[in-house]
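Listed next: structures, encoded as structure tokens.
In the two complexes that follow, chain A is the common piece, with chain B as its partner first and chain C second.
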Partner chain A sequence: MPSLGADMERGRIVRWRVKQGDAVHRGQVIVEIETDKGLIDVECFHEGKVLELLANEGAELAVGAVIARLDVAGPLPEGTHDARPLPRIGGAPTDIAEAPATPRLGSPSLGERSRAMGGDKEGAFPGDRILASPLAKRRAAELGVDLATVPAGHEGRIAAEDVERAARAPATTQPSTPPPPRDAKEAMRRAVAAAMARSKREIPHYYLWQAVDVTDALGWLVRHNEARPVTERVLFAAVLARAVARAAAAAPDLNGTYDEQGVHASAAVHLGFATAQRGGGLIAPAILDAHTLDIDAMMRAIGDLVQRVRSGGLRGREMSAGTITLTSLGDHGVDGLLPVIQWPQLAIVGAGRVAERPWMHGGAVTPRSVLTLSLAADHRTSDGHGGARFLQAVERHLLHPEAP
Partner chain B sequence: MTVSYRECCKLALRQCLDQEPRAFLMGEDVAAYGGCYAVSKGLLDLYGPERIRDTPLSESAFVGVGIGAAMGGMRPIVEVMTCNFSLLALDQIINNAATLRHMSGGQLGAPVVIRMATGAGRQLAAQHSHSFEGWYAHIPGLRILAPATLEDARFMLPAALREQDPVMIFEHIFLYNQEGELDAKVTAVDLERAAVRRRGAHLSILTYGAGVQKSLTAAEALAAEGLDVEVIDLRVLRPLDDAALIDTVKRTHRVLVVDEGWRSGGLSAELVTRVCELCFDELDAPPARLCTAEVPIPYPKHLEDAALPQPATIAAAARRVCGRG
Partner chain C sequence: MSVTDEELRRALLEAIAAVAPESRGASIPGDVDVREHLDLDSMDFLRVLVGLKERLGVDVPEVDAQHLVTLDGAVAYLRGRLAP
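So, the complex of A and B:
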């Protein structure tokens, strides 16, 4: 079960798009997984053949659980490049999930398990701990078994034998108690709450903001759109996204991630695009390789992404690969905002509304279209100096949307 | 040939007296009466009053004399009737015998062997039935032995007599009448290592003294239920054999300590702590303890039996640790 975003703990297999024996290709959508944030298409990261599917449709599993095995016997395709270690060649099965090495702890069913043992809310066992013997934990790590998927044994504690049984028959493994009924809205709120609390808890944010005169950029945009059919017109959001992506490509301290393993600067910019969902909630799927897109390609990417946020079909990688995020509340009349970084990213750019203001221009106070840009960044990896230069770079790119 | 544990103790004394001219036995009623548990019966006739010496009823005095004799070059074997009475000699044992090597900067030792009966099970009531070997096992400078088998009863004492520092031997009163075949191949034993008395795969019972027999009986009953129990006879309560603890826990991953001492602050607490410190990641269940009820040992037989670990209660505790209770 891949992690489709830092805030994801569990996912439900909705539909397999492949079956046992199928050949699969890197990038091919192989399974649809429902998370608290919606339905996501999960892609395969390997070339190979499906050896077996280990989770049934409908099964809800913790991140890291093995859902299928692949045979990656074939040679890797030309130009295959992946930061992760390459799968072993020579017929060794490999797990398709990019499973975190350590089992994720914490599921409601296990909380109930420990409460059943007599631990109350203030008791010795925090409600979300998985009770497992030291040996069981070691065996689980050795066998690659997610303890969250192992039914508890004697006294509500998982023993080594329980882990070994689960390892022998993973397909039939289910949480010992059914997950609580899903209220999509509540689940979304919970997911946002967990992600935001983590971000504010772990990331020392600093904030900068700057007013930018975008009158000329808007003028360019009007001219650019004049000759186009409605469906190809470019919105100011694309101008913003393009400017942030290009500035981020030159700011390694602000573009990347900072997780348990440390800082990972990213050469590519996968620009998270914060999008409100119908019915409430917020997700920020990434526009992949956003720094390479010109203004029209950016517009198409945004249109495609927003459409899929609303109707489903987001890719797993879009949910997990973001390196920096753009959030814009200008449509709602907000002058400016101090946003919260999407953990584990390093920075987020906020944009307020474009407002007509009396502004000094050419030595006189003139009505101009002014936008307040803000930056929230991780002070562990960058300082105000670098943040300020980044905002200036965003401004530069904003003012030249025509550059290829 | 069938021998009793008591006879093994006597054979051990005879070997010491025969082979070590500096050795002598002293204690209350050890000579004319033959020892309150009849271990030294007949030795007075064989070795005479110089080497088999009755003492006044003063543990502090005669244990002190033993320590002094050891410092003076003799190899005394001091018998204290029961470990309850040894409390009167605590000052001599702990402040003198155990510290001499340290206090003299290594110049002086007290190579004395102090034997005593320990434990309950023979309706001798609260002042003659307690188990204080766990207390003595707390003290640096002492080596604490708990012979549970005929071979250990037979050969621990001669080995102890060769030590250069004080050794205490706790003979369980329940064992004196136990009979069996003495293994002819065994002619000496070490004073270092714990022994695996029964191999098993599912649970390690750590025990000593009378607990070994009872645990073996429990293990046989459990084997019929498909529970394969390993029984570790600690033999040496100080210094503890850490390697043996690690070895057995690595095999079975579950631990039950059976200790006739009381539970609070006892040897069982030390054993469980060591298991957790030494091989936490091997554990598949919380280590458990079965100890004597925290009361003075009762006199009535049914209450005395109920207060002590018994094969049935050991088996029940073993099932619980293995998730079958």
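So, the complex of A and C:
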């Protein structure tokens, strides 16, 4: 069971995309795993063949448990430029861990159940208790519907209309003893809490911030978007992400990870993009190789990522490979923020709103669009001096969004 | 054949619900800023505009986007754009 982010302790096998004997390739999605942060497509990091699948669909296992054995063709790939080893699915010829796999044999596959019932993925997450509104419970009693068979609606909570929908659905599609839905919102809150507490416990943060006049960058963006259809429009978030990624590529003491094995500077920038989930919670999957993207490619990458945060299809690598993170609260009206580093990364950049302010420009006070950029960084690997140079580099890139 | 305001509003609500599923069935006052009312960020709002293009074929230029932040404003704007 690969670790799909520092806050993951367990995962549930939802669906295998391969079977025994299949050839597998690097980057191929081989299994869908449900975590507290949603459904993740997990890729294989080897070329080879599936010898054995050791965990049933529906089984919930601790990180590190063996879920499959692979016969790996040739030597293991060496020297990836990533900051830390990617989660491996098995290894040749032995496994990655010896934790006992105890799949609940005979329990229905969550994937099948979810699809058969048209249930939402989070709401259908089986667990230990049922969350339903009082009205839903009353309707369930009136209609003779077992609440445990009802896929939960918004925020993992069963509403009366969910019960009524279940009562209309053909009973044959429902397994006889399905697991009850667990409160997805609460699980997400716990995952965020654990990750943030660990970060603040282990990482000595220092903070810097700086006001940046982005008037000219915004002017460029308006011209860039002027003749474009809505589907190709670039948001300021992409200008920010591009600037942070490029500055990070030249700041090895701020771009990488620091975990139990020590510090790993990363040559590539996999930029975590903090995204609020509707219904609560936070997720920061990485834009891979973000330092190589121009402004339009960055916008497409962000659009694609946000779409998949909302509707599923995030990759395992996106959840675990981040080397630095950007969090922007500008749309929510705050002037600036002092963010918490995403463990085990080394730094996080915060962006507040762009506000019209009286500003010195060309020797006079004029109205300008000003943004407060902030940096929280790990004082074990960098100092204020390096952090300040990094923020200045972000500003420089921010003011030249047109550079290829 | 002209599109009624009711159909425009329905297309708009569908485009919004595709981005903010919890808004489905909720009553949204016609004169409030939907971005604040439904906690939509700039990416969400852009996706609503993309959804409108898919549903109605109307491409909203960036300079016009401010007219679409309320339901009433959006219906009036779309009616104008779709007028023969």
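FYI, the second predicted complex is superposed on the first by the 297 of 404 C-alpha atoms of A that agree within 3 Å, B and C clash if a C-alpha of one lies under 4 Å from a C-alpha of the other, contacts with A are read in each partner's own complex, and residues count from 1 in each chain.
Quick note on the criterion: a contact is a pair of C-beta atoms (placed from the backbone, for glycine too) under 8 Å apart; a residue touches a chain by one contact, two chains touch by 3 or more.
Keep in mind that what you see is a predicted model, and the values were worked out from it rather than measured.
*Asks:* If you count the residues of chain A that each partner touches, which comes out higher, chain B or chain C?
*Replies:* The partner making contact with more of chain A's residues is C.
*Asks:* In the overlaid three-chain picture, which partner chain does A:Arg233 touch, first (chain B) or second (chain C), both, or neither?
*Replies:* second
*Asks:* Please indicate which partner A:Ala160 is in contact with in the superposed arrangement: first for chain B, second for chain C, both, or neither.
*Replies:* first
*Asks:* Using the touch definition from the top, say if A:His361 reaches chain B (first), chain C (second), both or neither.
*Replies:* In the superposed model, A:His361 contacts neither chain B nor chain C.
*Asks:* Once chain A of both complexes is superposed, is A:Gly303 in touch with chain B (first), chain C (second), both, or neither?
*Replies:* It touches chain C, and chain B stays clear.
*Asks:* Where does A:Arg380 make contact in the superposed view: on chain B (first), on chain C (second), on both, or on neither?
*Replies:* After superposition on chain A, A:Arg380 lies in contact with neither partner.
*Asks:* Pick one for A:Leu135: touches chain B only (first), chain C only (second), both, or neither.
*Replies:* first
*Asks:* Determine, under the contact definition given at the top, whether A:Asn225 touches first (chain B), second (chain C), both, or neither.
*Replies:* In the superposition, A:Asn225 touches chain C alone.
*Asks:* For A:Arg278, select first, second, both or neither according to whether it touches chain B, chain C, the two together, or no partner.
*Replies:* second
*Asks:* Find the residues of chain A that appear in the contact set with chain B and again in the contact set with chain C.
*Replies:* The overlap between the chain B and chain C interfaces on chain A comprises residues 154-155.
*Asks:* Which part of chain C faces chain A closely enough to touch in the complex?
*Replies:* Residues 19-22, 35, 39, 41-43, 46-47, 49-50, 52-53, 59-62 of chain C touch chain A in their complex.
*Asks:* Which residues of chain B touch chain A in their complex?
*Replies:* It comes out as residues 253, 280-285, 323.
*Asks:* Okay, in this complex, where on chain A does chain C touch?
*Replies:* Residue positions touching the partner: 154-155, 222, 225-226, 229-231, 233, 235-237, 276, 278-279, 302-303, 306-307, 310, 331-332.
*Asks:* Hey, which residues of chain A end up touching chain B in the complex?
*Replies:* By the definition above, chain A touches chain B via 133-138, 153-155, 157, 159-161.
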